[in-house]
Structures are given as C-alpha cells and as structure tokens.
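So that we are looking at the same thing, I have put the structure below in structure tokens.
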Amino acid sequence: MKIGVFVCHCGSNIEATVDTATVAKIALTYPDVVFSEDTMYTCSEPGQENIVQAIKKHGLDGVVVASCSPRMHEPTFRRTVERAGLNRYMFEMANIREHVSWIGRDREANTNKAAELVRLAVEKLRRNAPLYAKQFDVTKRVLVIGGGVAGIQAALDAAESGIGVVMVERESTIGGKMAKLDKTFPTIDCSSCVLAPKMVDVAQNPNITLYAHSEVESISGFVGNFTVKIRKRATYVDWDKCTGCGTCTEKCPTKNVPDAFNEDISTCRAINIPFPQAIPKKATINPDYCRKIKEGKCGVCAKVCPTGAIVYDMVDEIVEEKVGAIIAATGYDLVDWTVYKEYGGGTYPDVITSLQYERMMSASGPTAGHIHRPSDGMEPKNIVFIQCVGSRDCSIGRPYCSGFCCMYTAKQAIMTKDHLPDAEAFVFYMDIRAPGKMYDEFTRRAQEEYGVQYIRGRVSAIQPTVRPDGRVGYIVRGADTLLGESVEVDADMVVLAVGVEGSKGAGNLAEKLRISYDHYGFFMESHVKLRPVETNTAGVYLAGVCQGPKDIPASVAQGSAAAAKVMALFSKPKLENDPQVSVVDIKRCVACGKCIQVCPYQAIEEVEIRGQKKAHVIETVCQGCGVCTATCPQGAIQVAHFTDNQLLAEVNALCLS
Amino acid sequence: MSSLLFATPKDLTSWLAKLASDHRVLAPRQEGPSVVYRPRTAEQLASDDIDALLRRATASPKQAMLPQCETLMTFKSVKDAEDPSKLTTTLENPCVAEPTVLFGCRPCDARGFVVLDRPYLEGKFKDPYYGARREATVIVTQACPSAFSSCFCNWVGSHPSDKEGSDILFTAVEGGFVLEVVTEKGQALLEGADFADASDRAADVEAVHEAAAATLPSPSTLTDVPAKVAARFTDIAFWEKETVKCLSCGACTYLCPTCQCFTITDEGSQLDGRRLRSWDSCMTPLFTLETSGHNPRPTKAERMRNRISHKFSFYPERYDGFFSCVGCGRCVVSCPVSLDIRHMVKAAVEGVVLDAGKSGEPAEVPASEKAEEKAPVEEVKAPAEVAVPEAPTAVPTEPVEAVPAESVEAAAAEVVPVEPVEAAASAAAPAQATPASRTQKSAGRTTSRSSSKSKAKKR
Amino acid sequence: MKYAYYPGCSGHGTSVEYEASTRAVCRALNMDLVEIEDWNCCGSTPAHSVSHELSAALSARNLMQASKTGADCVISPCPSCSSNLKMARYRMQKPAFKARVDELLDAPTPANAEGGADLMETCSVLQAIVENVGLENIASRVSYPLEGIKVVTYYGCLLSRPVQVAKFDDPENPVSLDNIMKALGAEVLPFALKTECCGAAMGIPDVNIPGSLSGRILDTAKAVGAEAVITACPLCHMNLDLRQRQAARISGKPFFGLPVFYYTQMIALAFGLPKDAMRLDKLAVNPYPLLDKIAERRKVRVSAELEAMKAAGAAS
Amino acid sequence: MSVLAGKELRIVGFLCNWCSYGGADTAGTARAVQPTDLRIIRVPCSGRVNPLFVLKALINGADGVLVSGCHPRDCHYSAGNYYARRRLELLKEFLPVIGINPDRFEYTWVSASEGQRWKDVVTNFTNRIHALGPAPRWEDVPARYDRPEELIESIRPLGCGEHPALPELRQAVKDALAEGLEGVLGWKKGFDAVHAEPVFMTTPEEVDSLIWGPFNVHNLAVYLPQYKGRKIGVVVKGCDSKGVVELLAENLISREDVKIFGMGCNGTVSLPRILAKLPEGVKIESCTGRGNKITVTAGGQDYEMTMAEVAQDKCRLCTKPNAVLSDVFVGTPTTEPAAPADGRLPGLRFLDSLSLEERMGYWKGQMERCIACHACRGACPMCVCRDYCVSDTRDPAWVTQEDTVQQKLFFQLIHAQHLAGRCTGCTECERACPMDIPVFALKQQFGRMIQKIFSYGAGLDVNATPPLLTYQVEEPTIKEHDLA
C-alpha cells in the first residue's frame, strides 16, 4: 500500500503552534507512507489539486490529510481523492487544529501529538477498504401525518409536483387548529376564508388520498420503501353514502356531548359534523354518548338518514400503504393549564383559554360570534387577557416561549373592541414578542387605536367575588412593574393565552417514526439551524409546530420546505445508501441473534443460507452505529469503516509502542 | 552394568544448586493444585524440600525442548531515504539454546522426547531450534514409584523404570536416591558430584522397579493396532459415538508429551516484528479451517479420529510401528469430561478383522506387516497373562481368546524425509507481518491461522 | 406512634387554646407526644430576617434536643415553627452552610453521606394528622358531627410553602383543612383567599396593615356565607379573632361577628372531648351562639331519626 | 510513538462522532486551552465502544481511558448511548478485580454545543490521571503464587450417598426414550472410582449406567446447542438447569427440543481436594459414600473424608439445588437454603482482601502457568461461538499468539465480558482448567456487579433478557459520571 500524508498549515491556525514540517518528516517513517509534505491551505482549490497530482505522480492508494475536523472537510477531501480515481473511503483525517493547535501553546507537545494523531490516521487507513454505495428504487409517494395548515401545504405542494400523497388526519376533518380560528393576525383576515379553499383543493386533488378520523398504526421499512399501516377508526357512518346534509345532527336526541371542535365550551349531538366547511363534510357518531351504541336504544339517526349511511356495528379497519417518504405535521396541543390553581385550576367558568375565546368569536362558533360569559351569558364589560400561561415557566416544566400568543392576544383584544365597543380589555404581559412583518405595528395598533390597556406584570391570583348586583366578578390581582404597584382589575371574564406543546401522542408516533423527541413532545430536527425540516432518520421530515412553536406563515413555509425535500429525494431515479453499514461474515456467524436484539433500527434479520441460519443486514436500513459490532461475541458482524481491526489498530498504535 | 551412585536428598539438592550456576535447571514446582516445570535458581533449589521436586508435573516437560511460543526470527525494515517505498529488511535468527538440566521428569516424559526426535530430527531437514535445545539438555529422570490409575506406559512398550530417552535415571530408595548413568551426557553432568558408589544397592533398586511394575494395568492384548485404527478411519459413526462427550477444547494436546504440531504466525508490525512458532492443537477447528471457509474436519469426531489415528496409525506407519503415545495418561487425568484414550483405542481396534482382501479393508496393510517381520524377539517385560484390563468400575467385560502378547517395539525402520519447517499435520498461519499486503475486502474475507499458504508478499 | 413535640412560644401565651386542644386531640388519636427537653426559640422572623445561620442554629439545636427523645419525627402545631425546623434541615444539606451553623452550636451536627446535616424528620401537627393518622381515623371517632355548619378554611402563608421545603399540600390551593372539616361534618365553602396574607406581625409597626388585610378576608368570608373561620396558625388566629373588631373598624365594615376556631378545637368538639380540652373561653369573638345552633340542629336531627325508627319498627 | 516523556501520560479517548467529537471541536473553536495528553479515537457512536477496547488499552499500558457520547435521549442513533451506559458502568465496577484503578477509566456525555464543558472534562480527567501517576506495568509487577485454600462453611447439609430416587429417575429416562427421544444426556462412572463422565444414553441398558452422586460435576447443558433441532433429554442438577434456562432465554436452543429431568442435588466434590488427601499417584480401587462421609480405597488402604472437606465451593453456597425448570422432577426436592449474605467464592474473597497492585501480581502469577488450551471456553455452556471464537482469528485480531501474561489474561477478559449477565455460576470453567487457575473470579465479579446494579441473576427466567442486551431510558441505579 502507498500512502500520501498532507499536513496543512491552515494559514497560521495550525502552523502557529504545530511544526508541520517536522510532522510531515516523522510521517515518512510510518509504515506504507511513501509521500508526505506540509501545505499552506490543503482545502483550497490549489491545495486539493496538489493532492490529485501527488496521487497520480506517486501512485498512491490512500491519503491522510492532517488539518481541521473531519466534521468540517471530510466530504471535501473525499471528493478530491475520488476525483483522482481513488475510492472516497481510502482517506483519513487527523484533526490537528481543533484538537491540537487551537487548544495548547506548547509547540513541542503539540507537534508530538500531531505526529501521533497522523500515526493513528495512517494505521486506520492501512486497514480501510474501498466501499461502494448500493442503489435501490423508491416508491414515489409521500405520507403526510396531520391535516393542519402545514400538512395541507406540504400535501398540496407534493401533489403539485406529481408525487402521490397519503394524508392521515386524526380528527374527522382536516384544518387542524387553524380551522378553529376566527381571524388571523396581523391582517385580521378571516381564517376559514384563506384555509377553506386549500382544504377543498386537498379533497379534490387526484394525487391526494385522504384518511380522516384515522391514525398511523405502525411504520416499517426504510427511506424509499416505508410500509405504513393506517387504522381507520370507526365513524359508525358509511362516508361513501353520507352526503353531509346534516339532518341526523338535528334529530339526534343526545344533546349533552361536549363539542371537542369548539373546545368544549358548548355541547353538540352524539352524531355531529364539526363545522360547516369541514373536509370531508361527513357525519361521525361519538360512541361514548350514542344511546344506540351504548344501550341499544334510540336509532333516530338511522331512521332519518336519507341515504341509510348509519352503521352502528362498524369496526376499526387497518389499511396498508407503501410510501417513500414521511412528513410529520402533527401540530400542537395547549398545555394543561389547570395546574395553575391561582387561576382557579379550571373551576371558574368564566376563566377560559384563548382557543375557547376564539370559538366564541367565530361566526361558525356556538355563540355565532357574540361574546357571552359562559357562566350567565352576560356580555362582559371588563375582559382580562393573561399572557404566558404555561409558557416561560420552569416551575411547570415549560421554560420556552410559545411564540405566537402575544400576537393572537393582541388580535383577540382588537376583535373584542370590535364586538363590544364599550368593553374594556386589559392585557397582563411580561414582554411582547412581535417579531414578524407588520407584527409590532399590529400590537401598537391594539394599544393606541383600540385602547387596549397593556399592564406589564404577572397575575398572582384570580379571586371570584360577589358584586353588589349579585353577579359573580373576578378580582384579577397582579403587579404593574412599570409603575411599581400592585394592581387589581375587577374582571367579568378572563382569557388565558395558554402555551403550546407537542400534540397528544406525539411521543409514541416519534417512536414509530424512530425519530427522537424532547420532554415537551416536539420532534427533534436534524440540525436546529441548518436542517430544521429534516430528522436524523433518513426519509422522515417535519413541518409546522410539531417541530417547535411557530406561527402560521412559518408553518406553511415549513410545509413547502418539507415537500421540497421530498421532491429532491424523489428526483433521482434510484436512491443511494451510505455504504458505512454493517456486513455479516456468514462463515463466522452462529445465529445467536444478539445483533438482531440490540439493533436500534431493526436493520438485521435472520435468514437461511444453505440450511444454516445466519444474520443478514439490510443495507438501506442500517445507519452504521456499530452497536451490533460491539455486541457480536465472535466479531462476525463488522460496521464498514469502523471495524474492530481498524479501531484496534489505533488502540495498539497508542498502547503497544 | 553402568555404575550406580548413591545420593542423599541433601546431596541431590546441593548438586542441583551447583548446576544452577551455569545451567538452566528446570524442576517441578507446586503452584496451587498443579505442578509445573519452572527454572529454579541455586538458592531456591538449595532450600526446596525434596518431595516437592519429585511430584509428577501436571503438564509434560515438552516446554523444555519445544516452548509453547518461541521466536523463530525477528525482522526489521528501514525505509530508504530517497524512495520511501523501498524497504531494506534485516533478519535475525536467535537460535541459541542455553545448557539445561531437566530434573524430575518421568520415564514416559523422557521417552516423549524420543518420540519428538523422529519428526524433528530424523530425515533430511533437522529442526535447528529443537535440535539445539535437545542437544543442550540433560534429562535426569526419576523412576516411577507407582503408576497412576491413568497410566498405561506398558501398553506402548515402556515400563515405569524405562531408561530410554533419559541421561540419568534415579530411583528413590531407603535413605536417598540411586543414580544410574545412562548416557555420556549423564556421565558428564555427574563430573565433580562426589556421590558414593551404590552398586550394593542394585537389589533395592530392582525391588522398587518391580513394585512399580506391579501397579501397572494388565498389559494390552490389542494386536495390529496401527492397521486396525487405520481400518476404523472410514467408520465415522464410531467416532461420533465416541466423541459425544468431548468438548473439543484441546487441553489433551497441550498436556501431551508427544503432540508435536505447531503453527507459525508473524506478530508486531511491518517494520519491526517477530515470527513465532507456537503449539497448535488438532482438536481445535481452526487447525484445518481453510481460507475458503471449508473445513475438512468440521466436527469433533473427525478431529478426534485424527488425534487417535495420528498417534496410533499415521506415526507408527511412518516410524516403524512406534506409537506417538508414551502412555503417561495426562490426557485422561486432565480431560474436563474424563475421556479415556485407552477405551477409545480399545474400542477402535476391537471388532476390526484384518484378513487381507476379504473384508473390504485395503488388501495391503503396509504398517502391520512391516511391524511383524522386523519385530526382534525381545524379552517381554510385562507379565504374560492375557486378561483384558479389568476396568476398576463395573464396566461389563468378557475375556478375549488367548493371543500371544506381542511387543510392538520394533527396530528403527528406514526413515521417510520429514520437512521440519512445514511440520506434518500443522499449517503455518498467513504471514501477518505484511498487513499492508492484505487489503481487507469488505465482505466474505477471512484469513484464519491455519490457511495453508503463507502470503507474505514483499513489494 | 411516638413523636417529639415542639410546642413553640405562643403555646404558653396567646394560643393557649391551640396548645390545649392540640394535646387533647393527639392523645385522642393516640399520637404519643414527648415534649422536647430544654427547647429554645425556633428562630422565627426576628431571627431569620437578620441571619439565616442564626435561625438554622436555633432550629438545629431543637432538632438535636429532639433526637434525645428517641422518636423519629418532631412535630409542632405552629406553621412558623415547623417551617423554620424544615428550612434549617433543608438549608443545612449544603456542607458550607452546615459548617457556618455548626460554629454557632456547642457541638457540630452529625453529617450524612453527602456532607449535609443528618437531622431528625420534622413536620407540622396538621401534616402528621393528615398523613400518618389519616382522615378515616378522624371520621370514625366523630361522635358529635358539626351538623353541616358553613365554614371557610384559612391556611395563611406558611403551611404549604415554599414548595420544595414544605412538601405538604398544594401551595396555591391547599385542601388538608377542608378535608378535616368535611370529615367532622361541616360544610366547607369555596374560599379564594385561603392563602392571602392576614397581615402577620405587621400589626406591631402599623395596625392598619393587618386591619385591612384581615378585614378583607373576614369580609369575603362573610360575603360567601361562612358561619365560622377555621385556621391552624396562632398569628393568623390573633389577627382574625383578637383584632376582628379593629379590622372591621379599619376596613369600614360592620363588625363581622365571625367566630375563628383552631381546627384542633373543632376536632375536639366533634370528638366530644371535655371543655378544658377546647378552652373555647379563650376566643375573643363569642363562639357560643354558633355552638348552640349546632346543638339545636342536632336535637332536631336526632328526634327526627327516632321518629323514623319508630315508624319503621311499627311498619315491619 | 510515545507520549512526551515527563510531561504527558498515555490517555486514550473514544468520542462519538455526532456529539462529543463535535463538542471537542467546539472547545477547539472557542480556543479553550486544555492539557495535551488526550489522544482522541473517533467512533460512530458510544454504543460502538466495546468495553474490550478499554480493557485492551488499559492492559497494554494506557494510564487513562475516557469515553464520551451523546446525552441520553440525544443519541443520533436513538439508543446507542443507552447500551454504552450499561456496559461502561459495569466495566468501571469490574476493573478493580484485575487490579486496575477504576478512576483510570471514565465515561460521560457531552453534546456538540458544550465546548466549555468538554474543556473541563478533559482538564479534570487529565489532572486525575496525573494525580494517580503512570499505571503500574504488568512487566514490572512482582508475580505472587500464594492462593490460600479456604473451605467456606456450607450453608446447607451436603450428602454423597446413593440417591433414593435414582431407580425412579432411570425409569423416567427409559420411558422418555421409549416415547421417541433420540437420547438423554446423563453421567456414568468414569475411568476410575472418583471420576464420572457424561454419557448420551440411547438404549435402556445405557440408562442403567446412569449415576447420581457427588461425582456428577459436569454441566450437561454445554452439549445442548450441538443437538439443535433434535429431540433429546438432559438430566440436570440445580446449577445445570440454570444453564439450560439461560440457553432457552437467549433462544440458542428451543424448548420443544429438550426434555429436562431434575432431581434434588446434595452437592458435588472437588477432585483436587480428594486427590490431595491420597498419596500422589496411588491407584484408586473403589469409592463408597454414605451420609456425608466418603471412603476412598486406594493402594489397598481406606481414606475417610467428609463432604465438608472435599465439596466444591459452589455447592457450599448453592441456593438452587433443585432444577429451576424441569419437565420431570423425581424424588423429594432438597431443601433450598436462603441466599447467603456473602455469595463470594474463595477466589473473589481472596482477591477482595488484596490491594490493587497485589491483585495484578496475583493474576500475573496465576496466568503464568496458563497453557491457553481454552478448556475453560470448551466447558462453558454459554460459549456457543465454539468453533468461531473471536480469540482464534485475525479478523478481528483481538489476541495474538504470544504467550505473555497480558495476552492470556486478555482472553479471560473476553470470556468474562461475553458472559456478563449470562454466566449462571456453574464454575465449570474453573473445574475444567487443567492448570487449576481461578478464572471464575472474573465472571463472579461481573455477576455480583450486575446483581448490585440491575438486581438481575442469569438463568432464572426463560423470558428474561440479559441486562447488557437491553436498556432503560432512565436508569434508576446508574448515576451520571459528571467530570465537568
């Protein structure tokens, strides 16, 4: 084997505290090293060209570059050696900048250490083998989990480019949280006016297969070849027959069902269509309340249904879909704010969440847009908005800012003044966060134009009192840090701007997708700054609040971004896998099954070869972590590029001097 | 008769202590329950109590002549200044043996070296390393006071006071030891040791030897063992049945004074390394594993067949009927599952009918005929009664019809050349010295220790 | 179960009735109290407002004295005392702080594995009753139920705070007293000012502070229809009971006339313990009209039950 | 290549590529000055670090080894660091038994953004190693050969007489053979009166040779993997049955292939202890046992000895004399004593009494007479790799042919590490060793640490998973090793 060593000055970054010439000279004494030199900027264009020439001139089989971190320039130099005709894995780097020159001033020690790190790289390189990526074909369909605005955008963009889309939505209609909103900031345009057309597009786009009222049961396979099992939860209404006429929803005798779409501030019937613009506009029976299903009595809806669509004994159905990529757009849920006992912990009827207030203000809501107090229906005079309920609060484990509450609270305050001109709106806040275009101007408008009183301080307690006229009032006690006083507002209604967290069940969906997630249920992106919509699992992308708090424009942008990533993935006819995966030596394998047990990706299966059971690695699923190699007692399975022998060579080079 | 000398225990240890000044004195030493041969210094020998030195060693003294791991040669390479791809390699061959006294082994151990001499020293190529040590070593053997239950030296033509292979044979008698010089080397060693003449003690010595012989198991009644074992070769079912309980661990081969196989490997790195010869065991699968992954002896049955056949068929075939087993019984005592080579050989031999040409056996069976013609009639030491050795436990045995006891001790036949470096059954491991010459392909590549060709290619 | 008992300074002074009823109730619930020998001040506000080490040293000495009783837990009726004992134990887990406290003591406190102080367990009498004795035991011993009188419970600021030290009940919405009162047969009204400040010792520099704060508490209690206020703290009791007239005057309200009981007095009443176990005579606001009302209701109930039994007997 | 003499010590680092290697880069970019001793080896994941790499480095002269990976939950491969946490915590607890100071090895978690924390980790660890000084070298440590023969007080009555239910057992085996079992593994008399040997009984006559007594020392579970797919039976003592259970738990054999015959065991004997009572090389004629007294007639003389003098150590502390799992259990089960307070066998007790340096001397003395015959591997029921042992190959090359103490001891470390959480304590490895080297002490050290950390014993439940083949996201019993 003939190895070339290139020791980089990196300008002065390395040369300042490492004698690169000496390192190059020492490198020549190492086994199989036939050429070594120190260069000013190895990663520069001339630097790389110099390597290519040296490979050709000396007939080198492998190259070691001693310079910066492989996390920085390993891909660069791999392409260089590939340009010179070598396999890109016949290359090793010694990190003599971040790990040597930058962290010590003792030149002699640094030079000696650099020489040793080059020796490690040489010893590993001498045991490297050329590796070749494998090709495999791709199912050009994408699974979008979640029908909120991010999911809708991703689905529409993907369908637009000709990719088949399978959308799975847990609720009986798509639209997610945005469908519940009355108006959106900063333009106060009607939420359903902008959303409904997109929802219709989803329904009508031939490329999109929509599974509403369904959940992902299991995911197996790998990028390009996922097999997804979808559980179509029983709706007890045959959606093919149902026309959405709504007759059944009027006749159903059970009226006390809490209306989940309206955030439980009103009740609906046991058979229900969430809201007029619902897509699909189909009825669904809630089995926990339907008398027919529970006690076998009633059956009114079946009688009145013009198309006979009611099926009381319907059961869940499992459907299988083959897709090549997955976009998770599962959105968010509000934090359980009832832990705040000082705000009544959910026992005070007139202390409601912002989403409930939004439903109250919405024309399609239970109060047809009129603001009435839930307790006694009175039009409230003083309304207090409290920001950061369950956000920026370590004591309940939600230290982060939820991002868009300041903006929608300003909008709700403005809408309150619209609906009730003589009402007073107070907003208790810590810091107003209005970072978008026209955002701060919007909050400024709320204060100046609509006279919303912003009080900078936390609310310490909401205490119900009985007013002289016998009505219940709420003393909202807080501080006004700007005036340095404590403040009391005698409020009729309190709206809490409740923080957001990952939607319920996000955790076990993450486990099915084999992506990691944090304590708050948000999915972990591959890199917080540079790869926000990708995950560490190939073929799985994120869009919207499921990745972290963000407002609608950002969610839509991420929806398009995720779709773009999928389009890029499907643009190539075949996919290539990372060749740094495990390989089984079938002569040594005794099929003890330990590797199969520990593989975090279930990438190893048991196969039969000539009557004997052996382990086999699915190259495309294996991510090259090497846990199997550390587990196999007889070393029969070796992860390429980090085999036992390669690592042992480095250990021995250090210890058996 | 050679002269007999008498030495009290004190004389013996002080004589050994004196020898230790210019010899490497190897003597048995108790370490935990086992006894091993260790080089002893003068002070240690002077202070050792004598019966520690007389214990029988758990492992054989083979280490003295054939160390478990010895450096055949060292190699250093220096890169050429101008053209670093050129290497100038220098080899060193440290083949030097220091004068050694091997004290306290038993007649079967001594005879073991005679068995080893044939493949290592007779024939065209003499093994220089073994030869040098053999030459430099004087073997002082103790006549066995009594046979262990596992001993069967009389089955293989020896007896507890057999002098073959020893330079001095001493027997423990009342009050001390009677030393009998066997060879000039023994005589030379005794220079300056003013031991009293002990010719008057000859009778006591004879009595001890007779008493020892009495404790031997009854002599073997097996005849034509090499031919019959060879005939049994194809009956694989037999070997499978016999090796049901074998763990194929290889302990027997490492304890055996006559197992002679070794493997050669290169250790260290390309620029500075060593070529090592170390014991190998035919009982391990790696012994015959080929590079392709195929293994001619995949299961323990084939391996046991090879071990038994080598000792009782191949070796006698090549070396005039001498067995490659000295009957020390170590493999029986230390076998984790107490597998008994005597039962196995007996079972292998019994039931094999050798009349030429009829029973499908190979008509011409060279080994046995050669053994009959050449066997000089020698005074048979073992008592003549023919009862089959009555196993001490309740193993049902019926008497075999009387067959004249036959000594298989034959004169040295014409020697077949043995190429020492490429030893009979072992294989040299691929020279790992030039790892650079071996690029590790990603899948399906294995170099195991016993692939036959050495791939040390120097560029 | 055996407890070391730390009475606290007010037990022999302003809250004699609390001390008496606590001892009687504990005896009734066979909680064996062994008063700590030669106990000293718990290091209350005058101490810890000046130096935490001083306050901790005082409490630490009490805990060391308590360990001589052989019990495994120190209990105290007064929330301020038990809070100081707990705070001392909590703060002395830090070796540096422990060292500074040890300097003030005659002998250093024993250390645990991490180098913090290894001192006895401690909690309030209320916590011991709720957690160790349990509500069922209390309910089972009630012989004179309180006939559903409407009460509000007032906890004050120390009983369940600070959270990481007190580790008892909920800091914002405590319910331990509510549960006890329900077990005794009273009707507990939802009361938002459970943990609002009563003015504590501010009455000394400026009588208006407790006056207005306690006034508001009493006023709201009156507004929601309470017939009595239940508390567990001698200082809160003083502000609500002793200063009730003054509070009414300062907050410009008519005299509330709301009797303020210690929860232990209520338990003693419901268990039917003798008079000197309750020392109701010590209360400033006259409690007897309410007690008569209870007795009245009781008579009505008992006679109704007798009637019902007779009728049922006749019918069968 | 070597460290800077006098200034540096040999500290080897294994850093996971995604987090800790990135953390070291971040420390570099932040110019966080650190001591230079540490040499970093990049690995894909902390889960890739086989504890044997650490042992290999420490045995061959490294003064300190540091492993660093992603924080739990942050692993790029989602579970790599969970496996690493268990294996490395166990390794750290194991090191003292071979005389290596556990402070010379540390593992911790550093994320790619924690540059400052990495600087503190390296600085603190390097200072700790410099405080400890250079590691003692195996070449310099004086070998010691003393190994006191300690007879532990047995926690249960040991007997050696003829087992009353033996005929019943033989009948059960015959019945099973009649029902079509290919054969049943058992013991029969060996080549002399004090040896038994395993036998594969296929005919009723052979079953008559089945014996049950103090000489049934072999763990017959070792043969089961070779019969995979064939219907056979096996007669088991209590300790053997744990071997069968562990093989089943790791589905190296299938339950329907094996019919298990159990009988109450009253203890087995240690052969060296019997032979030590007889004159060397005497011919053994016969041996009888009654109650707890054994009489050996050898060389025409009778030698009396009690089980208390000659029983194997494991039998004295045995709490599972009856088969843990059996299809046929014959006779009345032996009373099972409560677990002893101190389950250590003499090997480990003696080691615990030595200092770290003395332990190195102890292992140097013992391993010197090892002839690397691997009988310890051969006798081990859990060693299913058999013909493909990692110590017999150059791919990967963990062990070389040199017969130095380090190489021979390293094989024992490989064996112990592979058995961590799987060894059922049958001590066959120690009994099979022809040179009587106390190799079981290493396995028992792993065993007791696993009991301490995971309160897990191998071979007791067929549905259990060995602790090192699984993990918990939150490990209640493993606390964070924070160097920063």
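Note that the chains take the letters A, B, C and D in the order they are written out, and that residue 1 is the start of every chain.
Note that contacts are C-beta pairs under 8 Å (C-beta built on N, C-alpha and C of every residue); 3 or more make two chains touch, one makes a residue touch a chain.
In this text the structure is predicted, and so the values were computed from the model without any measurement.
Distances from each chain's CA mean to the overall CA mean are smallest for chain D. Taking A-B and B-D together, the pair of chains sharing more C-beta contacts is B-D.
The chain with its Cα centroid farthest from the Cα centroid of chain C is B.
Per-chain Cα centroids separate chain A from chain B by 71 Å. Chain C and chain D have centres, each the mean of its CA atoms, that are 60 Å apart. If you average the CA atoms of chain B and of chain D, the two centres end up 33 Å from each other. Here the spacing of chain B and chain C, counted between their Cα centres, is 93 Å.
In chain B, 440, 445-446 are the positions where the chain touches two or more neighbouring chains simultaneously. Contact of a single residue of chain A with at least two other chains is seen at positions 585, 587-588, 643, 645.
The set of chain C residues that touch two or more partner chains is empty. Those residues of chain D whose C-beta lies close enough to touch chain A in the complex are 1-4, 7-8, 10, 12, 17, 21-22, 24-25, 27-29, 31-36, 39-45, 47-50, 53, 56-57, 60-62, 73-80, 83, 87, 119, 250-252, 384-386, 388-390, 393, 395-398, 418, 465, 468-470. By the touch criterion given at the top, residues 31-34, 36, 55-56, 58-59, 68-69, 144-150, 215, 244-245, 247-251, 253-255, 263, 265, 267, 276, 278-279, 281, 284-286, 289, 298, 332, 334, 336-340, 342-343, 391-395, 429-430, 432, 440, 445-449 of chain B touch chain D in their complex. Residue ranges on chain A touching chain D, taken from their complex, read 69-72, 95, 97-100, 102-106, 108-110, 112-113, 115-117, 119-120, 514-516, 518, 524, 536, 580, 585, 587-590, 592-594, 597-598, 600-601, 623-627, 629-631, 633-636, 638-639, 642-645, 647-648, 650-657. Per the touch definition, chain B reaches chain A in the complex via residues 79, 83-85, 269-271, 293, 435-436, 439-446.
Contact residues on chain A toward chain B in their complex (touch as defined above): 1-2, 28-29, 31-35, 126-131, 583, 585-588, 640, 643, 645.
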